[in-house]
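There's a structure below that I have some questions on.
As written, the chains take the letters A, B and C, and residue 1 is the first residue of each chain.
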Amino acid sequence: MNVPTRNRPPRVGDAPAFRRALIGIVLTFVAIVIIAPLAVIGYQAFSQGFAVYAAAISHPDTLHAIGLTVVTALIAVPINTAFGVAAAWAITKFDFWGRRFLLVVIEIPFSISPIVAGVAYLFVYGLQGLFGPALEQADVKILFALPGIVLASMFVTAPFVARELIPLMQAQGRDLEEAATSLGASGWRTFFSVTLPNIRWALLYGVVLCNARVMGEFGAVSVVSGNIRGQTNTLPLHIELLYHDYQTAGAFAAASILALLAVVTLIAKVLLERQGAGRARRRPALAAPVAAPKTASAEISS
Amino acid sequence: MKIRLDNVVKTFETFRAVHGVSLEIESGELVALLGPSGSGKTTILRMVAGLEYADAGHIYFGDEDATDIPVRDRGVGFVFQHYALFPHMTVAENIAFGMKVSKVRRDKTAIDARVTELLRLVQLEGLAERFPGQISGGQRQRVALARALAVDPKVLLLDEPFGALDANVRRDLRRWLREIHQELGITTLFVTHDQEEALDLADRVVILDKGQIVQQGTPEEVCRNPASAFVMNFLGDTNRFTAAVSDGVARLGEARIPAPGFDDGPVEIFLRPSDLGWSSSGAGIPATVARVIDRPAGRRILALTTTGEAVELDVAPETQVSAREQGIITIERARVYATG
Amino acid sequence: MARRILPGFPLALGITLVYVSIIVVLPLGALVFKAASLGFEDYWRIVSSPRAVASYRVTALSALGATAFNLVFGMALAWVLVRYRFPGRRFVDALVDLPFALPTAVAGIALTTLFAENGWFGSVLAEICVKVAYTPLGIMVAMAFTSLPFIVRTVQPVLEDLDPALEEAAQTLGGSDRSIFLRVILPLLAPALLAGLSLSFARSLGEFGAIIFIAGNQPMSTEITALLAFIRLEEYDYQAAAAIASVLLITAFLMLAVTNILQARALRYTARG
C-alpha cells in the first residue's frame, strides 16, 4: 500500500546519469571558455603587484586612452540613441513604402566585419576617398582624429538601440499613442508621457549594450584612428599597443578596466532583463520561432 | 480493457489535487469525468496515461498493475486539449509517428496503409499532405484522434476534447466521436467541464469536486437523482432556498414539500426552473414578476418572492405573463438536501 | 496609403534616413564604388591571388570549425539552462553574454595568454603536442569565443516556449527519448538553430580583434581575410584593400540571403495553405 512519493514522470533527457553528465560537461566548458579568460585578465593585471597595476593605469597614455574612449562614447551613444528612437517611431507607428527595406539596411552593420566598415570610411573621408581632397583643402580632419573614431563607432553600433525598440513598439501597437493624440496631446507630449514610460527599460537596455560596444570597438576604430599614441588611441587600441610592446602587465591593467566594464554591462543587462527588457527581441512571433537578424522585419511582414 | 483506479492520491506542491479516488471503467465503456476547474479531473486522466505519477494508490489495466509502467509503454491513446499536433509534420506524418517510433517494426507500406485507413475513419482523406497550421480546429481534433488510435491503444483518453471548438463544430464532433466509439468499442475516458457534453456523450458520468468523486452513474441516474447540492447545482440552473423541516415536511411559502428521512431543522431546497410553474392561485410561493425573457423553447420568468428572493422559472411559450404581475410559483418537483 | 494619425512622421523618418545614409549607406557605397572602379581584371587578380585565397581558406575553415563547436556546445548549454535546475544556473545564464560584452581586443589577449605555450591551457596542451596559439586552431578558439552566445541565445527562448504537450504526445505514442529528440524537438529547434548558426558563422568570418592576437598572422597559413585587407591598407595599397574588403562585404550579404532562404524553408510548415 505504501507507495513512496514520486514527482513528475521524466521528460526527455531527464535520466539522472545523462542529466548529471551533461551538466558536468557543460559547466566544465563554461569554466574553460568563459570564466578562464576573465580570470586570466585579473591574474595578469595584478601579477606584478598592485603598485605596478596602479602605475600602469595612471600612465598618461593610458589615462588619455581612457579619456578618448569616454569622449567617444559620450558623443556616439546619445546620437545613436536619438537615431534608434526616431527609427523605431517611424517604422512602428507608420506604414510607408520601403519600410522593410529600411529595417534590413539598419541591421546591415551587424553582419559586416568591422574591418570592412573601417576600410569603407577611408574611401569616404581619406585622401583616396570621395570627400578626402575637399576636406584636406578645408583643413578639416576627420580620419586619424576624433570624428573618424566617432563615425566608425556609430556605424558598428547603428542597430543597437533600434533593434531593442522596434520589436517592442511593434508589439505594443499604436492604440495608446492614438488615444493620447485623440485627447489632444501634442506629438512630443505623447512620446514623453505615453510611449517613453513603456519603452524605457528596453531603451536603457539598448543604450547599455551600445555603450559597451562603442567603448570596446577595435577593428573599425583601428583602421580609422591611425593609432597615434597619446592622441588617437582608444583604450582597446592602447591595449594592443602595450601588448605588442611586451608591456604585458600594462596591457592587462588596461584590459582589466574594459573587463570590468563588461562585467558591469552584464549585471546591468540582468537587472534590466528582470524589468522585461530584451524580451521582445528574444521572443518573436509564436508561429515563427526565429530570433534572426531579420526578426523585426519578419514580425512586421506578418 | 478494463481500467481500475484504487485509492489514487496526487498532490502538487502543497495543493492536493486528487484525494483517494477509486473508479472502475468497464471494457468498452465510454466514461466522462465531469467537474469544475480544479476538481482534479485532468490530473486523474493524466495519471491513467502515465503523464503524472500517483503519490499513492494503484492504477490497473485489466489485471495488470500499471501504476509504475512508464507512459511510453502504457499503450494509451491520448488526445490533448489543444491537440499537440507536431507542427512540422504533415497530417499523414503526424498519424504515422507512433508507428514509426514503435518498438514493433512495421514496413513502410503497412504504415501507409494504416494511415490511409485512419484518414478514412476520421474523414480527412484529402488532407494527408497538409500541415496542422493549414487545417481547421475541428480537423486538427480529428487528426489528433487518428494519431492516438494509430498505435492501437488499450484505452483512449481525451482531455477536454471539444473545449477549443465553436459550438456548432462541437455538436457535430460529439456525435461523430460517439459513432467512432461504437464502431471501435475501445475503452474511452474523457474529461470535460461541460455537463451537456458529458450527458450527451457518455455511458457513465463521474462527477468530481475538489479531488473527490461526488457521484457516478448513467446520465439518467445523475440527472434524476443528484446525490448532493453540488451535483444538483453543477448539472443545471437551480433556485436555492433554505427552509425548516418539521414532521418530515418542509414548508416553502404555502407549498409543502415532502422531506422524508430528514430530522426537524433547517434544510436546503433546490428547484429547477423547469420544475416550477406560474399560476394565479394555488399552494405555492407568492411572487411578483420582475422580467420575462423569451427563448426559443419557452419563456423564463424572473420573479421576486414576497420575502425578497429571486427565482427563475420556465413556462410554456404561450403563457401570458408580464412584468409587475403578481401570482404564485407552483412547485412540481423539488430536491431537499441537508444544510451543508 | 492610409492617412497618418500620429504626428512626427517627417521628423522621425528624416532623422532615420539621414543617419542611415551618412553612417551606413555612404561608406559602403564608397567601398563598392572604389572596388568597382578597379576593372574586372585587376579586381580578379587581387581577389584570386594565392595569398588572398589562402586567407579565405583559413578564415572559412576556422569559422566552420568554430561554428561546429558552438553548435554542439551552444545547444548543450541552452538545453542545460532551460531543462535542468542546478545551483549557479542563473549565474551561468548571465555569463553566456560575456563574449558579447567583453571587447574583442581584451578577449584576444586573454585567450592568447591562456593558450600560449606557457599559459594555463597551452602548457597542458603542449604535453599532448597540441599547439593552439599562433596556429589555425587559435583562430578557431578566438572565433568560437566571440560567437558563442549566438546559438545559445537563439535556441534558448524557443526551447523555453516549446509546448510540453508535444513531448508528452510523443511519449504517449511510444517514442523513446532519442526518437523524440531527433524527430520532434530538434526539428522544432531547427529554424532557431539555423539562425544561430548563420549568425555565428557570419560573425566568425568578420571577426578581427580577438583573432589577430592569437593567430600568428603568417601569410598563407594563419592570416585571415580581414587582416589581409588591413595589411593592404597599411601598405597604402588602397585598391587591394577595397577589393578584399568587398569580398568580405559580398560574403556577408550572401550569408544574409542564404540565412533567409534556409529559414523560410525550415519554417515552411507555418505557411497557411
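Structural remarks
The rule we apply is simple: a contact is a pair of C-beta atoms (placed from the backbone, for glycine too) under 8 Å apart; a residue touches a chain by one contact, two chains touch by 3 or more.
Predicted model, so just to flag it, every value in this text is computed and none were measured.
Shared contact partners of subunit A and subunit B, listed by label: C. Of the two interfaces, A-C and B-C, the higher number of touching C-beta pairs belongs to A-C. The geometric centre of subunit B is 54 Å away from that of subunit C, both derived from CA atoms. Measuring from the averaged C-alpha position of subunit A to that of subunit C gives a distance of 15 Å. For subunit C, residues touching at least two other chains, in rising order: 171, 180, 188, 270. Counting partner chains per residue, subunit B shows two or more touched chains at residues 50-51, 71, 133. Contact of a single residue of subunit A with at least two other chains is seen at positions 9, 287.
Residue ranges on subunit C touching subunit B, taken from their complex, read 163, 165-166, 168-176, 179-180, 183-184, 187-188, 190, 269-273. Contact residues of subunit B toward subunit A in the complex are 11, 50-58, 67, 70-71, 133. Only residues 9, 11-15, 19, 22-23, 25-27, 29-30, 32-38, 40-41, 44, 82-83, 86-87, 89-91, 93-97, 102, 105-106, 108-109, 111-124, 126, 128-130, 151, 154-155, 158, 174, 177-178, 181, 186-187, 190-191, 209, 212, 215-219, 222-223, 235-237, 239-240, 243, 248, 251-252, 255, 258-259, 261-263, 265-267, 269-270, 282-283, 286-294 of subunit A touch subunit C when the two sit together in their complex. Contacts from subunit B toward subunit C in the complex involve residues 49-51, 71-78, 80-82, 84-89, 97-98, 100-103, 130-134, 147-148, 150-151. Touching subunit A in their complex are the following residues of subunit C: 1-2, 4-9, 11-13, 15-17, 19-20, 23-28, 30-31, 33-34, 73, 76-77, 79-80, 83-84, 86, 88, 90, 92, 94-107, 109-111, 113-114, 119-121, 144-145, 148, 153-154, 156-158, 161, 164, 167, 171, 177, 180-181, 185, 188, 191-192, 195, 198-199, 202, 205-209, 213, 226-227, 229-230, 233, 238, 241-242, 245, 248-249, 252-253, 255-256, 259-260, 263, 267, 270.
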